[in-house]
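Each chain carries a letter (A, B and C) given by its place in the written order, and its residues are counted from 1.
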Amino acid sequence: MSSTSIFLQIIFNGAMLGIQYSLIAVGFSLFFGVLDVINFAHGDIFMLGAFVSLTLINVTGLLNTSGATYVFLLILVIILSMIIVGGLGVFFERIVVKPVSKGPTLMSLVATLGLGIAIREAVRLFYPRGSETKRFPELLVKLFPGKEAIEFKGIILRYDNLLILAVGIIVVILLALYINKTKMGLTIRAVAQDAEAASMMGVNKNLIIDVTFFIGSALAALAGFMNGLYYNSIIFDMGAMAGIVGFSAAVIGGLGNIYGAIVGGFLFAMVESLSAALIPRGSEFMTVIAFAVVILFLVFRPSGILGERAYERV
Amino acid sequence: MAEEKKVIFYTEDIEMRFGGLYALKNINIKIYENEILGMIGPNGSGKTTFFNVITGFYKPTKGRFYFMGEDLTGKEPYEITRKGISRTYQISRLCLDLTILDNILIGTYPVQKSGYSDAIFNRKKLIKEVKKHTERAVHLLNIFNPDLIEKLFVPVRSLPHIDRRRVEICRAMIAEPKLILLDEPSAGMNADETKELMDDIEKVRKEMENVTIMIIEHDMKVISSVSERVIALNFGQVIAEGTYEEVSHNKEVIEAYLGKEVANG
Amino acid sequence: MKKESKFLDYIKIILVEIVAFFLFLFFLKIESIWIVIAAILLAILIYFLSKIYKEKFRALIELFSRYQNFAIGVLFILLIIYPFISPLIITHSTYWMLILIQTGIYIMIALGLNFQLGSTGMMNLATAAFYGIGAYTAGLLALKLGWTALLTIPLGGLAAAFAGLLLVIPIYRTKGHYLALVTLAFGFMLVLAADNIEIIGGPQGLKNIPPVNIFGYNFLTEIGSLHFYTNYYYLVLAILGITIFIFARLFNSWIGLTSAYIRDDEPAAKGCGININLRKLLVFVFGNFFMGVAGAIYAHMIGFISPPNFQFAQSLLIVAIVIIGGMDNILGVIVAAILLVVFPEKLRVVTEYRIFLYGILLVVTLILRPRGILPFGPRKYDSSILKFARKGGS
């Protein structure tokens, strides 16, 4: 492999992880924006996304179908799991996250950590054989009969991975359009910037919070689905690390800023991917290195890439 | 007025820019020892920014300021406070969950002398100091509102607005600073409360004869009763300086407050 | 007359504490899950009764806070005789003694964190890592150099304290969620590093760390018929007593006051002449010291440590203790530590559901009491100040 192709491979691997991290990080950023809360259960929502979609795959009998039915059912599974997990996100927001967000910030941090533990354990205990690693079917391979991958400048790009990446990027663009072009999206931004002023202008804040949690959780569910497709296996505690990485990505980007979260997600993934490839025993240390970068980042750019450097209000 | 007054604080061409916006420009003012100086100006004219600059919260983009002959430009807020300048804030900055006593005692931090080891091993010294300062706090509360003395161990959150302001003033006074900066003490108060507050400021004066006070006010009438000299600010620049009479009749000042038509008509 | 009422008050305090002590012993004794549930329901009932009989309850609290030193003294005596009484009542007294020692260790770590998080508002999500630094330092010094615990325990604390200095720049430049993330990343890095460095045992960790041996007295010696854990029980009790003493005094001083100001309103704290950066650094280093000491004791007692002992989940438990206890409240931290360490051991009967219930418990507690079990009370400095104020300042 030439050095360019190695480089391209690193970029591609990073992008595959990055799109997942970004979709999780967006949730952290959105929730922080509207509720001033870090929702540490969000990683477990991501995990729920993977498990709910696996369940739907089994329930719909997706694997036994083919042709147009297959494609239709596949899309249905994705959308349904996003809706179900989005609904669960709103449910958890109503019973836990919003009530505790009124207390001191750090209280909400711990309450959501507790919620995350409860969700994780609930899956382990109540999902059939929940403590084991589950195989996640390679759903997308079926869409490309005969040919699995293309070669591009000396690297192998699997079609299914390309499709995951494409869907992820489209979703991110749709999200950006939604936030910038629709009334609801603009209201979310307004609440994120100044909740008090927004509520004085007659914004129904509770509705905004619900919508935000629905969107954030649905995106995390999509990320969970992608994660299952990418690694072909899922496990009940996959959300713990994903949550921490998503939070890191949101912070790198500047909490409250969704574009920042997306950039942060890709950046974190690129650092991981680079260190896995370039440093001896890098795959063991890649997360350590990514965290070291996070620390450096916070020191030299404490409010994130796109966070504004605000003057302290005195 | 005949004798030469001593300048304890002065600025040299202070400029504060946020991005492209000038919050302060070419500010050259003097504060004389022992006076009560008022600073007026409409909202957004840069009054609070001026306080934030001279207490070290903002670093001026240009210019310097001197206190008791010493250049304090670029110093941190805690260093400036330790030099003997204390302040209050427009939106009161008390720790609402802490008690009245705590919120006043904190003001003595620059002058107290016990550290970690005294806190743990030398309780006698620490308690003696706390007691001394508590007595002082009680003395000050007695001047403003004796009812508050019974509430020393009550969280500030339970107090009405005006009492919170008094606690804040006590906090600024207790370390016996040489210069006290009051940032719009009447903000958010009704006419009666404002009146009471103006009396309180007179009391500060009586209590600490050697202190110099600078007050920011938005409302011009408020300042007329307390301050001996007034500086008017608009768009970050000094537009008038003198006695209240002089400043309040200055055309530019009237314009700034009421708009051009009224001033001309 | 006055003397008599004081005497009665003392008797009341002693009685209440003895009743609570035996209730606790019986709670440790019961093994049927149903009785455990009954006990939990009883606790909830007591909670609501305390709301109904608010006045009586408040009077009791007033009583304890008035004779605070006496109450603490009585409690201390009860804790000293605990090892002798518990085998008479509890079936698995050795096991519960180990749990209590662990609770003591957790209280020590949590008090260190409480100083950082509760008193000063600095989130530290790497407590387990600092605890681990103490454990590894003590373990290595004892194993490789054969040093006595008299040295290894304080050095473990110092190592943890100085490791905190590595974060000096982040502490100066970040706060809130950002500082939380820095410490979180730091904790992860340390655990992963320990996992990959062969000299300190890698994933196998350190084995056969010698027990504490002070002036020729080996802590493996059994006291009569009592298990050797009893030695560690008393060691932890003593060091914990000193720790509580130190933190209580710091709370009631300018250190506690200025820290609280930094926590609640940083700009106001600056305006009051507080050097915030320096204070934060000192608080961070000082808090970490106690985590390191706790880790060193643990290493000597268990004799075997490895990276999984010091993972993020442990840090989380410590954070939960401080926050559920009620920030900046030493008593709250102690109560919460007992709740979160001893209680789940009881739930071990339902091993499978333990962590699940633990998560639910965390959420429910915080929804019912968003400020923790015991939010911090007024800072009283000293009884003489309190008296002075009560008399209306004369």
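Note that a contact is a pair of C-beta atoms (placed from the backbone, for glycine too) under 8 Å apart; a residue touches a chain by one contact, two chains touch by 3 or more.
In this text the structure is predicted, and so the values were computed from the model without any measurement.
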item: Chain nearest the global centroid, as defined over all protein CA atoms shown; value: C
item: Farthest-lying chain, centroid of Cα atoms versus that of chain B; value: A
item: Distance from the mean Cα position of chain C to that of chain A, given in whole angstrom; value: 36
item: Chain centre separation (chain B, chain C; CA means) in Å; value: 42
item: Chain centre separation (chain A, chain B; CA means) in Å; value: 49
item: Chain C: positions in contact with at least two other chains; value: 267
item: Sequence positions of chain A contacting 2 or more other chains; value: 312, 314
item: Chain B, residues touching no fewer than two other chains; value: 57, 89
item: Of all residues in chain A, those that touch chain C in their complex; value: 32, 38, 96, 99-100, 102-107, 109-111, 113-122, 124-125, 244, 247-248, 251, 255, 281, 284-285, 287-288, 291-292, 294-295, 298-299, 302-303, 312, 314
item: Residues of chain B touching chain C in the complex; value: 55-57, 76-78, 81-82, 86-87, 89, 93-99, 101-102, 105-107, 109-110, 112, 114-116, 118-120, 123, 126-127, 130-131, 134-135, 138-139, 141-142, 149-150, 152-155, 171, 175
item: Chain A partner contacts - residues on chain C that touch it in the complex; value: 117, 123, 169-170, 173-174, 176-178, 180-182, 184-186, 188-189, 192-193, 196, 266-267, 312, 316, 319-320, 323-324, 327, 352-353, 355-356, 358-363, 366-367, 370-372
item: Touching residues on chain C, where the partner in the complex is chain B; value: 246, 249-250, 252-258, 260-261, 264-265, 267-276, 282, 286, 376, 378-382, 384-386, 388-389, 392-393
